[in-house]
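Got a structure here, written out as structure tokens. Questions coming.
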Amino acid sequence: MHLHVVNPNASAEMTAGIARAAEAAAPAGVTVTVTGAAGGPLSIEGPVDGAMAVPWMLQRIEEAEAQGVDAHVIACFDDTGLDAARCVARAPVVGIGEAAAHCATLVADRFAVVTSVPEALPVLRGNLARYGLAARCAGLRAAGVPVLDIDAGTPEALAAIRRETAAALDDDGADAIVLGCAGMASLAASLSEEFGCPVIEGIAAGLSLAAALAGAGLRTSKRGGYAFPRKTAAS
Amino acid sequence: MHLHVVNPNASAEMTAGIARAAEAAAPAGVTVTVTGAAGGPLSIEGPVDGAMAVPWMLQRIEEAEAQGVDAHVIACFDDTGLDAARCVARAPVVGIGEAAAHCATLVADRFAVVTSVPEALPVLRGNLARYGLAARCAGLRAAGVPVLDIDAGTPEALAAIRRETAAALDDDGADAIVLGCAGMASLAASLSEEFGCPVIEGIAAGLSLAAALAGAGLRTSKRGGYAFPRKTAAS
Amino acid sequence: MHLHVVNPNASAEMTAGIARAAEAAAPAGVTVTVTGAAGGPLSIEGPVDGAMAVPWMLQRIEEAEAQGVDAHVIACFDDTGLDAARCVARAPVVGIGEAAAHCATLVADRFAVVTSVPEALPVLRGNLARYGLAARCAGLRAAGVPVLDIDAGTPEALAAIRRETAAALDDDGADAIVLGCAGMASLAASLSEEFGCPVIEGIAAGLSLAAALAGAGLRTSKRGGYAFPRKTAAS
Amino acid sequence: MHLHVVNPNASAEMTAGIARAAEAAAPAGVTVTVTGAAGGPLSIEGPVDGAMAVPWMLQRIEEAEAQGVDAHVIACFDDTGLDAARCVARAPVVGIGEAAAHCATLVADRFAVVTSVPEALPVLRGNLARYGLAARCAGLRAAGVPVLDIDAGTPEALAAIRRETAAALDDDGADAIVLGCAGMASLAASLSEEFGCPVIEGIAAGLSLAAALAGAGLRTSKRGGYAFPRKTAAS
Amino acid sequence: MHLHVVNPNASAEMTAGIARAAEAAAPAGVTVTVTGAAGGPLSIEGPVDGAMAVPWMLQRIEEAEAQGVDAHVIACFDDTGLDAARCVARAPVVGIGEAAAHCATLVADRFAVVTSVPEALPVLRGNLARYGLAARCAGLRAAGVPVLDIDAGTPEALAAIRRETAAALDDDGADAIVLGCAGMASLAASLSEEFGCPVIEGIAAGLSLAAALAGAGLRTSKRGGYAFPRKTAAS
Amino acid sequence: MHLHVVNPNASAEMTAGIARAAEAAAPAGVTVTVTGAAGGPLSIEGPVDGAMAVPWMLQRIEEAEAQGVDAHVIACFDDTGLDAARCVARAPVVGIGEAAAHCATLVADRFAVVTSVPEALPVLRGNLARYGLAARCAGLRAAGVPVLDIDAGTPEALAAIRRETAAALDDDGADAIVLGCAGMASLAASLSEEFGCPVIEGIAAGLSLAAALAGAGLRTSKRGGYAFPRKTAAS
């Protein structure tokens, strides 16, 4: 099986980091190709970055479709451009935010999301409502730590993430944690051990769900909302 | 007061049509500038067209912001790029789909949307859910008529629109009709007279709501979900 | 354009205050007539006051209809008697609570309501649910200050309102504030400046939305829920 | 136990009919006093009739409270003035529409409402949403028959009610029927036998629930939404 | 009238305690038979206990049906096996958790549940959502006290229950309290007096609602979700 | 990886059929053990069968846990005993109904369920609501064909399933079909080809999701709703 993971931003460093995480998380027997956008923003923080990134990301999806990959994973917790990506693909497309939330509801009664900065919360809140999983979400929390500090693994960043994880479990009543930021992927295992509950990061969840859909022979519906775009002339 | 109406697609004909509708519908004392995207798709039918159009549309919003307009109207019933547009603007931004739906709930208990083709329904359905107005929507109906035939005003197109309007009122129990396609704007008055109920088209609703927000001194919040984008380096 | 603002209670002082606020907030080119109930309670605090006030208010709506006004505004944040008022009017009818909430969702992702006393919260909560806007409301807060103290502008009242405003933004995650009490109208501008976000008061929002609906040529639907009452004999 | 049933309209005939139905349905050991409004509309069809009726109905509730009744039943399927009635009463207050719907969810998975005229549907739909029982309602149907014809028991009225009952069970998937009009009370038993499912009318349901609440020693909460009205001066 | 109360667990002590509470709460003229499961778990704390208890409980329901009781009450706040019980019964079946919640919405705008241990919350939360009453629930709180300590009436247990009751009223904004544990039944009256609001325990609520349904002549629908099970061969 | 599929009923034929379907659908590198209940009902049609089956099914889950399987699949579209099964397992547990619905929302905007008999609909409707996926479900349809006829593959059964599939796509607006009956598994491929859209059966979906969760290293949370049962004495 051949999966395509696309980083919707143009940061080569982030693409490399995602590639490392994907390699570590790839299911057995699965080949993973990781691509990054050739243009657009270097990170995606909010709706404008998302909007500027999607056209570049769709190129990568279409190229990988042409090469016959079995499924696509959008490696941004915002699930940037998910609906548009499904429209250009026959193969299934999974966003890592969506994947982590679906997995959480299968191993816990209620989950909470712990992410980097408060600016990220509105998009995540809207996504969960659209997926129908908002009622299973006990809380959305931001550690108040920039993505770069998380990537650097500073002690302050780690302390803030652990503090919000504890609050999500104890105060919000969550049974599982979804890490809402790609840069937190490497923390999942140690946090899960420390807090004694599932701690779900999106790259592994996304690869696993994408492989599950492709393995079950499923492809994106071309009726209704995800139909291929009509060939409209561009100016 | 100076309002900016942006056609998010690159069709000069559509921009001209929107300009005519906007001129007819402009509140007294309001100057309207209508712009169209300089690139991107020639029409917006589905999520991919929408995604490709937004970067071009945001340019127009930013230019108009720089010129100090009092509010913006996105002249596509899909409310293409609404969240991103709010992020780059201080002035209020209103989508014509959103405007029509809000107005409908202020003059009727339940409304229905009549649009052109079934492919348009999933985006409209998702939008109404996000605005919180889905529970007031008695039905979403497509006349099964391409936008070009609607623009041409063929008898078949008109008959199909009248048939779905009647069904929305009689079978779905709607009290008012929202016309879910910019090309139907010129039909609103005659349909309203024929069926004896409010028939709301988005250009007039959008201009009126935009003027209302600006007139009340309101501006887009820069806290939370619509904060200005951080200046991120582009590749 | 001629708008009718009705104060549903019988306090001449409040009617005068509403008239001052309406004059200050009236859109350009709009004539405003402010009326007050000829009988019924002197203030509306809870469902019983509301119920006793509606018959008197409907008289004012019917008189103004007969005089041919273009729209009506109900100047009570409870939106007292809104459905009944729509039934007796051809012109659009807007409640100031409803108007402020709709406007809030057009300039902010999530809003909070700050009102006077906790007794006011249940009616407001129920209204937001009916309008479909509850999911966009981050919190409902009472300053714990009687309306008279707010009108008098005591330092204690002001401090309590500012404290709840800060909590709504910081703790509840609101991006905009709706002032849930007509007596707070004069505070909107200074609070907006202090907290750097939209602070919406209902008189201005209501007048603006009413003018928008009338300006767009809309009238209350007489199909379904807002049909004119049948002429039933009264005892 | 002493229950008070109030007819919120001023029709002596309807009050007499309600008294007959109440007598037939009264639980063992329960004394029922039936009152009717001394003024206001002769029937309640829509929000305006409801609004004009409530002040008169509240008088009857207050008088019965003063006499020490154990609970009140509002004998109109619209549950006219229910919140206000709870504010003036210490004893529990139950509306017959609300009572029938609650009972339906206790003996069936999904119920449908069959009422007289389509004008009645919007109020019923709004009430079910507020009670939280809308998700259990499979459909709201109007027989298209005026209340007077139902009272007269014309064959056409009966046929229409049977037709809508069958459609609610077969097409909407309801397991039980709520009769949404006080005049249909006498039909409940024969319809239940014919269709082999619960057919619930409000007078019996309301008396039974009111007796249940009183028997369990419950009284209306005076904290929060149903607090006694403050003594406000009336003009 | 003859009501059947079934304790779904196999503890003879608990059955005896339920019998005492039922005797105290039985409506006038009502005979109550209390049974307990002949096997299965000695208490029901979570989904596994519930699952193991249901087959034994259904035996008791079927035996009581054969004896012609008028209604059944399931005396566990989890409403263990409620849907299955309705399938084997013609007479109405009411769970005490469900009964208390329905009663609460009839005497208060918003209620809170105070129960024993946090492990009980997920089942209660799920039940309220299914009944449609979650929107009326201001909070679910656990006193953190084992059932045995509550039964023993230790001062610590009482203090914890009073602390959570106060928090539910003051912090969550509840107007009434539902006691979410059969062992708290004897505290209802004194808590109601102390806090000045309805405090509802399930045994009394369940008996009252069951008597109300039976008194109104209602029986469980055998169409749709609660149809009798087909006679399927057992292995 | 070692997956455990449990047939919660006691029919050896069904267990054998499930084993054949599971073998056909097993992801590469996955060993599947299929077990069936040692007692209880021979088929699960409604809540009573479900209740009687769960204790036997939990035995199989516990035995497989003891043998160290990596995940469990409950092979009944009702997701019988899912919460209880999660409580006794460390490994993830997935129901085939839940699995099919989650997969459907990842490859289609809206799905419909086509099942055997109308009696099955209430349980499925309730499950979708609990999973949060009801808003994505365009319709629930029963072919009106007994399970045995589906298993036998009679022409009438096939015709009825094709008729409801067409209606779900054309009338309900679904983009994908979920086959709501284990016996339909062999039809998925041909229906998908005929109707040109995803047709999802639960065995393949369940195995794929279970393997995905296990592959991602996830285990059922033992905090909150799925905690291990306390060791309570059994009578």
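So that you can tell them apart, the chains are marked A, B, C, D, E and F in the order they are listed, and the count of residues begins at 1 in each.
One rule holds for everything that comes next: contacts are C-beta pairs under 8 Å (C-beta built on N, C-alpha and C of every residue); 3 or more make two chains touch, one makes a residue touch a chain.
Chain by chain, the UniProt names read as follows: A, B, C, D, E, F = Aspartate/glutamate racemase family protein.
Treat the numbers as computed from the prediction; the structure is a model and nothing was measured.
S.K.: Once the contact rule is applied, which chains count as partners of both chain A and chain E?
M.R.: Shared contacts of chain A and chain E: C, F.
S.K.: Using the touch definition from the top, how many steps at minimum link chain B to chain E?
M.R.: Minimum number of steps from chain B to chain E: 2.
S.K.: Shared numbers divided by all numbers used: is that above or below half for chain B and chain C, i.e. same or different?
M.R.: Same: most residue numbers at the chain B-chain C interface appear in both copies.
S.K.: Taking each chain's centre as the mean of its Cα atoms, which chain lies farthest from chain A?
M.R.: D
S.K.: Would you mind checking which chain's C-alpha centre is most distant from the centre of chain F?
M.R.: Of all the other chains, the one whose centre lies farthest from chain F is C.
S.K.: With residue numbering as the guide, point to the option in D-E, A-E or B-F that repeats B-C in over half of the contact pairs.
M.R.: Repeat interface, by the over-half criterion: D-E.
S.K.: With chain centres taken as the means of their Cα atoms, state the distance from chain A to chain F in Å.
M.R.: So the centroids are 27 Å from each other.
S.K.: Could you work out how far the Cα centre of chain D sits from that of chain F, in whole Å?
M.R.: Chain centroid spacing, chain D to chain F, equals 42 Å.
S.K.: Report, in whole Å, the distance between the mean C-alpha point of chain C and the mean C-alpha point of chain D.
M.R.: One centre to the other, that is 31 Å.
S.K.: Please compute the C-alpha centroid of chain C, do the same for chain F, then give the distance between them in whole Å.
M.R.: Centre-to-centre distance between chain C and chain F: 51 Å.
S.K.: Please set out, as single numbers or ranges, the residues of chain F touching at least two other chains.
M.R.: Within chain F, the residues that touch at least two other chains are 86, 109-110, 118, 121-122, 129, 135, 173, 224-225.
S.K.: What's the complete list of touching chain pairs for this entry?
M.R.: A-B, A-C, A-E, A-F, B-C, B-D, B-F, C-D, C-E, D-E, D-F, E-F
S.K.: Which residues, counting only chain B, touch chain D once they are in their complex?
M.R.: 109-110, 135, 173
S.K.: If you look only at chain D, which of its residues touch chain E in the complex?
M.R.: 25, 27-29, 86, 92, 94, 98, 102-103, 105-110, 131-136, 169, 173-176, 189, 196-198, 200, 204-205, 207-209, 211-213, 215-226
S.K.: Going by the contact rule at the top, pick out the chain A residues touching chain C in the complex.
M.R.: 118, 121-122, 129
S.K.: Please name which positions on chain E make contact with chain F in the complex.
M.R.: Touching chain F: residues 10-11, 37-43, 45-52, 54-55, 58, 81, 83-84, 86-88, 118-119, 121-123, 126, 129-130, 224-225, 227, 229-230, 232-235 of chain E.
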